[in-house]
Amino acid sequence: MALLPLLTDQQASARARAVFDDIRATRGTDYVNDIWRALANDPAQLEATWNEAKRVMAPGALDALTKELVYVAVSAANNCSYCLHTHTASARAKGMSEAMFSELMQVVYLASLTNRVAIGLQVEVDQRYAQPPAPDAS
Amino acid sequence: MALLPLLTDQQASARARAVFDDIRATRGTDYVNDIWRALANDPAQLEATWNEAKRVMAPGALDALTKELVYVAVSAANNCSYCLHTHTASARAKGMSEAMFSELMQVVYLASLTNRVAIGLQVEVDQRYAQPPAPDAS
Amino acid sequence: MALLPLLTDQQASARARAVFDDIRATRGTDYVNDIWRALANDPAQLEATWNEAKRVMAPGALDALTKELVYVAVSAANNCSYCLHTHTASARAKGMSEAMFSELMQVVYLASLTNRVAIGLQVEVDQRYAQPPAPDAS
Amino acid sequence: MALLPLLTDQQASARARAVFDDIRATRGTDYVNDIWRALANDPAQLEATWNEAKRVMAPGALDALTKELVYVAVSAANNCSYCLHTHTASARAKGMSEAMFSELMQVVYLASLTNRVAIGLQVEVDQRYAQPPAPDAS
Amino acid sequence: MALLPLLTDQQASARARAVFDDIRATRGTDYVNDIWRALANDPAQLEATWNEAKRVMAPGALDALTKELVYVAVSAANNCSYCLHTHTASARAKGMSEAMFSELMQVVYLASLTNRVAIGLQVEVDQRYAQPPAPDAS
Amino acid sequence: MALLPLLTDQQASARARAVFDDIRATRGTDYVNDIWRALANDPAQLEATWNEAKRVMAPGALDALTKELVYVAVSAANNCSYCLHTHTASARAKGMSEAMFSELMQVVYLASLTNRVAIGLQVEVDQRYAQPPAPDAS
């Protein structure tokens, strides 16, 4: 069970309800995920989190689907069951094919293994990759 | 310091050297990363890891750059310093712009925060996302 | 399901039952949490864990509630569902208000994000924070 | 080495420099931590992160020192060397005594152990702690 | 619910079914674990994972039971509920007594605590343990 | 740099020095690891940690070397550089051959991959592994 009540629209404050409305408008759906209803117990945190999510997940140098794939991969690495269920649904809705999902997860599995090789054997960064980047490079 | 010696080509067994050669040929470079030189202490593991890496990172439903981005994201989630240095270099070589790197990391930061919200508040998966996928959907 | 049976008072050894009794006396309750009933399968480990918990959670330079807040925060970082449920209950019993819980979790979310920034970008410790502390400082 | 250049005031954009100035004014110091100089490569992310940090770490239902202690605890759980160095310094500056630091870390150690007991033995949440909280409870 | 359907023998491709058959033959059982049925959605990954598992878990310098114990310990550290349930069953089937299981988990708890001490206090590796191993030592 | 001074025998309290002496006597060496010198800043925690380490690592149903192997595996999973360096040295001193080390780490790599498969695909525990163990089974 969640550690906080999941607030309905009626239970939420006006400030929280405004975020619910923006979620609905932005996503073109009537449905508001339970994570937002849990966050609604603190409207300032709800607002800050939603605004940041909207800003970060908007397409830019990376398209919206690539961002969803990265999000799913991080959720797998962080062992977040809630996030894996909701964001694979979201990625599929944005065009992730089953072949793409399979390849995505295979990169996650490979990195899980090779990350552990580098950590487990305490391999230090090769001299050529340890150079500081030049300020003008960014 | 690494917990195993980093084997030079001379110190490596014939089986390990063959993997070094395939790494050079596949990547079109003379340079073999230190993680492979550490793995060379066990040629069977070196071979298995390299073959799996070659298979998984090859372009398919996802292109090679997208796979590198996912690899970098997982390495950040797993706190692998070695992997972050080598695979950001690799992603840049495959075309990752600084804007792409910035957006990639911002998705990693966002997921780190929202994964922790879902976990910290113990939000259960919404009923609509908890349905089993149909076998024919894959 | 737990990987070990949860021992009732009748099933537990005399040594384990003595720990159950001390838990009841220390907490002023008749209820013994299931984690202790699982640990009771190894009375020596049960005793060592309980004694350490009693020692560490006792008020000292930090009061009992602050210690519970820290415990909840670490449990969120470690993704421990059992610990989050039992220790938020315990913190509430010790006086954690809903406003305190909200602020506590917001620090956890923030640190989850900024920890990932520092790790993801591999920022090295500033020279001024990398000084060794003086022995007489402690 | 950091994966992005650490921007000096001269190298930073006007938007990033404004954040640097706010950091200096808020903290009453001339010094800007390297993590902010790394984030300055993306001024929008720098601004969002700093604003959120200022909002969350401000005293409220929890005082500023308690928030720093929680931040340090989460950084230890997340294995963030950078954050441990900078935020223990910050906590000491805000009044954390050595006795408080010792007790703080002991709670972190204890939770690391008992979190692992609950996870390792797969103990399910006791019925009495698995009740949904009432909406009016928050 | 799993994010991919668990394929029955009828639903699986010929390549996946061949792996199922090898799992049955290798383990001397009719039962195929659900993790393999999930992986069967990508027969190449299923085959690669099973072959690697067969290679790595075979007795060698370490016997089969010791390998299972290590596998259980890592699964506890990684918070993998599925793996803890299936591999403690597997370890018990290979001869793990309840006393062995108890001692195994106690080492996991101890390492969870002392790993966090070393990380939390940022203790650097003692000079004498930071020496590079000699190539001929392996 | 460590966040606490590493206390010499002269700087340590009598209670801490007694633990140093017991470490020397138990291990048959003049050398005391830096982690104990950091913990010496809090003699009660030093004593509790050392006593627990002595109790848990003593041979029992599992021999001392097997316990060291498990400790190394958990340290790799937890990304503890300090612990990996000191406990691989300790395991080698207790008889771990290079072949054993290689196989140990290969199990760690495999579990890192397959743990992530089970987590990433959210595979639920098979019915047959989800049965509660009988009290008399332990």
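To keep things simple, chains are lettered A, B, C, D, E and F as they appear, and every chain counts its residues starting from 1.
The criterion applied here is as follows: a residue touches a chain if its C-beta (ideal position, glycine included) is under 8 Å from a C-beta of that chain, and two chains touch if they have at least 3 such contacts.
Computed from a prediction, not measured in an experiment: that's the story for all the values here.
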Touching subunit A and also subunit C, the following chains: B, D, E, F
Reference subunit E; chain at largest CA-centroid distance: D
Chain whose Cα centroid lies at the greatest distance from that of subunit C: B
Comparison of B-D and C-D by number of C-beta pairs in contact, larger one: C-D
Computed distance of Cα centres, subunit F from subunit E, in Å: 19
Mean-CA-position distance for subunit E and subunit C (Å): 28
Centre distance in Å when subunit D and subunit E are each reduced to the mean of their C-alpha atoms: 34
Contacts with two or more other chains, residues of subunit D listed in rising order: 1-4, 41, 49, 52, 76-79, 81, 84-85, 98, 102, 106, 108-110, 112-113, 115-117, 119-122, 130, 137-138
Interfacial residue positions of subunit A with respect to subunit E in the complex: 79, 84-85, 88, 98, 101-102, 106, 109
Subunit D-facing residues of subunit A, complex: 1-5, 7-8, 11, 41, 44, 48, 52, 55, 130-135, 137-138
Subunit A to subunit F touching residues, read off their complex: 76-77, 79, 81, 84-85, 105, 108-110, 112-113, 115-117, 119-122
Complex contacts: residues of subunit A adjacent to subunit B: 1-4, 6, 31, 33-35, 38-39, 49, 52-53, 56-57, 60-62, 66-67, 69-71, 73-83, 85-86, 89, 97-100, 102-104, 106-126, 128-130, 137-138
Residue ranges of subunit F in contact with subunit D within the complex: 1, 3-4, 41-42, 45, 49, 78-79
